[in-house]
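Listed below are the structures to be examined.
Presented sequentially are two complexes of chain A, the first with chain B as partner and the second with chain C.
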Partner chain A sequence: MQEEENTRRSFLKAGLITGAAALAAGVVGCNSDTKTKGALTGKKVPLLDSAGNLIYVDEVHMPVHTNFAGISDEESRKGIPGKKFVMVIDLAKCDGCGKCTKACNKMHYLPPEKEWITVKELQDSPKAAPYFFVKPCFHCDDPPCTKVCPVDATFKREDGIVAIDNNRCIGCRFCMAACPYSVRLFNWDEPVKPNIVEVNAAPENAFQSKKGCVEKCDFCSHMSRKNELPACVTGCPMDAIYFGDENEDAVTNKSGETVVLSQMLEDKAAYRFMEELGTKPRVYYLPPYNRQYPKPEMKNINSESQS
Partner chain B sequence: MSEKQSSRRKFLQVLGVTAGASLVNTNALAGFVEHQQLLKLNPAQQEFMVRYGKWMDEFIEAIRIKKLYPGNVENQKKMFFLSAEAEKFKPELTEFMKDETFSMIYKASIERVTKEI
Partner chain C sequence: MNSDLIREERHQIEAELLSTVGRRYKKEKLVITVLSLIAIAGIIAWIVQLREGLIVTAMRDYVSWGIYISLLFFFVGISLIGALVSCALRFSGATWRYPLTRIAEAITLSAVFFAGFMPVLDMGRPERLYFLITHGRIQSPILWDIAAIVTYLFGSLIFFYLPLIPDAALMRDRLTNMPAWKRKLYKMMAAGWEGNYLQRKFLNRGIKIMSVVILPVAISVHTVSAWLISMTMRAGWNTSIMGPYFVFGALMAGCAIMIIMMSILRNGYNLQHYLSHTHFSKLAVLLLALTCTYLYFNINKYGVPAYKMQGDEKELLNDLLLGRHAVLFWVTQIFGLIIPIIMLSFQKIRNSIRWVVFVSWLVLICALVNRYIIVIPNMMHPFIPIQGAPAGYATYFPTLIEWLVSAAAMAGFVLVMILLFKAFPIVTIWETEEGVEKAGDEAIGLENMNVKVNVLKNEN
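Now for the complex of A and B:
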């Protein structure tokens, strides 16, 4: 019994030292933002300094990581357990403001000329008013892009997300050719690295861009890991983009309106882009019926195409 | 001619190499891979490269059509079919890629596809 207690005590002791060492490494080794603002909390955290001494610092000085959640390669390839992410875009609400794109670019440190989510004005016939078509990656359930990748750098996760590990990508661009929706982009030049703690091209990082590699919308998987909505959803002032979990049969928009997914898809005649290809996209569209914004200017697309 | 010899001949044809001759200019691998390196592949790898080479030819054709006619549904379906075909190569490819020589030759051979994209 005593031996058992000793073992347990040794284990706890070892855990304290190891934990403290890890925290110390965080403070000493990383160029992290620290909570330098505000008063001391009085709550002390044990750390090992670079000389190996046990020290105590106020928790206000603990590092705040602005990127890289410490998700292992294995976890990021597997996905978030029990989830099956899905997006619904209500075209009746999208007024084409492009704030989803801006929010996405800000989230992923992308320059303005790069867009992981695009907004295009479409007009199906001369007698129909134009509407705005929002196009992220569709995270297909039967994705051609992952099948052609010779090194499994792009892959389908259990939670439905099609991710890219740019630490594996060899830049062959096969995935770009195979994607029927043209949502993948190639980094010909060295991307501008943001001033953040860690830059890692692995999945589930806000910044994944790498020269000679491919990138695209990742459904903000690092946000989903924290049960938060993707940037495009929270950036949409029209509440046009819903995101959620198909397993829970619920999707939510920026305002927090949560609806039953299956009912919404059925009631509003949802469809998927280029369904006939059989890629089974995880993004649904609600038709632009009863638009909730001023009707865009009618254009005579016949005369435009003739000119 | 034995089956093994026939397979080797096909492999060399795919690579643009005729027996005893040097690489010809039209060879997709010319400039990327040394002739002697190509011959280092074992028969299974050579046979794989023959099949994969044919797939690449079809993939390139589909890429060219996609560039000319992006909305061509038939071509999109063909691309979808070719992607499914590519998936069948994966178990062998993953195994062969562990071999440094194969890996080098493979990467050089796919350059001709990458150039089309």
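Now for the complex of A and C:
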């Protein structure tokens, strides 16, 4: 058992999986019981080691999920080992089509009035051009929401994700008051349940709505378990949303364009929304410079909301 | 020569004050019936809410806290009166407080109970309430609030009970025509009280210790309640003045409800001798001081950011001062503070019970509206402006269910007090007697007694 665990760990440390290993990746991503069978099959599977070299290992040494028991409560609170998820949203590419929201709602079985990721139209000052502002949960490193939760129903995981356990939430809505970004939603009535069976612990379910509990964007942690991208990323036709692992220093968008995170943040003058609040969001924005779409109509949003 | 008078007066005090215990008043029956009906309607509304979910309220994702939380702050607020009368007045040597202590403690006890109840009404999953104990995180202000409210509830129970012991003994000895279970109850509560030297000594010491202990607990309850909102980053809440702002708002509302309760009890239970003009005018001075302080706090809370008109505060302040909530805001400031201050500045008004009660109603109603102003407008101005919200998500007007549940909580608050006043003398008998012996009628505010006891300084 110890050995198996080590294999799995070292594998996960190895990190990057090449496209050729996509098949293996799908299997490996699932955290589950792994077995190393005795005899070598002779079938080699390509892998990238930590130095970035392509190596081939025998299929036997690959962790294979045999009995899919799902992610346990404990695992779902700890997060995906070795990861540090991060999102970059390129405002220059966003044309406000709202397909990220649609993809997200489909993924999480949300009715149209609920939006885990929303697109707002912001205009910072009367003469500055308006822009579309995509807002998922920022999964802050210093989250005001988890701080105030009285029962540890919302918590910060080691992989950076701020998750909610709807089997724990008492519905006090203190986290909603504490979140400065109005990200959190409450289930005011009984949600419509999809006809699916989920085996993971509540924080890693695709469907997280429960009457009397709070819900919000979870960075599609159940997809990350499978080494797949969140729904909003794959749903964005403009390639505006990048998602990846800070430890790997790489983020990927819908087209599969993978860029070096630190390089992009530096080159494109990335910023985080309302840095002054000190919440340290895990979502970065690239300013809407050199727009690739016609900008939203100029209008004085600020003065409108003031009246 | 004075001792004869005192004996005679003692007789009158005991007879009059014991007469209200268990007696049925016609008007009271009507009040109890109406309040019970409201309470039943509220319980039905609550059951509907439990079944359907909080969808039956007007709360939605932006305004995620509504009048339930406003009422929590209101109840916590008026509960401070017990500490004010029993502690602050005690240590400032105000002898006129003697006949008021039990009324104040009854208000406190009932208010704290409902303050603890309001968050449960607001919870999405009240059946998980025990998670607060099994999974509680001490880092959360909610845990602090629960700890403070529970401590204050028990503290208030003790504080209500201690001065009750000699009175319970009196009831045990005098009210012999009561039903057996009541006599048993009084006997149990009297705890073998004989009134000997040692018992008196210990009781006085106990009350003294409790009156010191209760003050920090009372202040912490309200401060921590203020922290529930001021520990967030939202505009209007994100200010360090919140704790003291709540405490003084609470003292003011508590003082107002004390005056109102006194006037109701005075007329309803014929306590004109004990709750006299002196008490009303003294409390009117206190109310004047508290409204002035609260106005000062309001100037700081709203005036300072209004001068700067900083980004996120700006929209909220525009809303409060000139926008959607301007009417409510200015009503609370003008009718709840400025007019009461002007009125109470005149001695003629302070000396008229009717006017003092009128001003107290103004202050109390505006304090209630003020709790709404503290909670709801702030939630309508998040950092990221509300855009394209589904219908009803960006506004808030409480639904019938919310009104019924809230009204029931209020009715329950009054009912618990009536229950307490039904079972026990409204004015602490032994303290009043002791006060008369020590300081005389006038000093403790007794009026028009059959005999008049005057204690001059040199006679002591």
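Just so it is clear, the second predicted complex is superposed on the first by the 226 of 307 C-alpha atoms of A that agree within 3 Å, B and C clash if a C-alpha of one lies under 4 Å from a C-alpha of the other, contacts with A are read in each partner's own complex, and residues count from 1 in each chain.
What we mean here is this: a residue touches a chain if its C-beta (ideal position, glycine included) is under 8 Å from a C-beta of that chain, and two chains touch if they have at least 3 such contacts.
All figures in this text were calculated on a predicted structure; none of them were measured in a lab.
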* Asked: Overlaying the two complexes on chain A, which is it for chain B and chain C: clash or fit?
  -> clash
* To do: Considering only the touch criterion stated at the top, classify A:Met87 as touching first (chain B), second (chain C), both, or neither.
  => neither
* Asked: Touching A:Trp188, do we find chain B (first), chain C (second), both, or neither?
  -> second
* Figure out whether A:Cys213 sits in contact with chain B (first) or chain C (second), or with both, or with neither. => second
* To do: Using the touch definition from the top, say if A:Ile170 reaches chain B (first), chain C (second), both or neither.
  => both
* To do: May I ask you to decide whether A:Cys137 touches chain B, chain C, both, or neither, giving the answer as first, second, both or neither?
  => neither
* Touched partner set for A:Val148, first chain B, second chain C, both or neither -> both
* To do: Would you sort A:Leu110 into first (chain B), second (chain C), both or neither based on which partner it touches?
  => neither
* Per the overlay, which chain contacts more chain A residues, chain B or chain C? -> C
* Asked: Which of the two partners, first being chain B and second being chain C, lies in contact with A:Ala231: first, second, both, or neither?
  -> neither
* When you line up both complexes on chain A, which piece of chain C, out of 27-35, 45-53 or 207-215, runs into chain B? -> 207-215
* Asked: Taking the two structures together, which residues of chain A meet both chain B and chain C?
  -> 144, 147-148, 150-152, 170-174, 176-178, 180, 182, 274, 277
* Structure fact -> In the complex, the residues of chain A that touch chain B are 144-145, 147-148, 150-152, 170-174, 176-178, 180, 182, 274, 276-279
* chain A-facing residues of chain C, complex -> 52-55, 57, 59-62, 64-65, 119, 122-126, 128-129, 131-132, 135-137, 139-143, 228-229, 231-234, 314-315, 318, 323, 379, 382-388, 390
* Structure fact -> Within the complex, chain A is touched by chain B residues 59, 62-63, 66, 70, 73, 76-77, 79-80, 82-84, 86-87, 90, 93-94, 97, 106-107, 110, 113-114, 116-117
* To do: Over in the complex, which chain A residues touch chain C? Could you list them?
  => 113, 120-122, 133, 135, 144, 147-153, 168-174, 176-178, 180-182, 184-190, 211-214, 274, 277, 301, 305-307
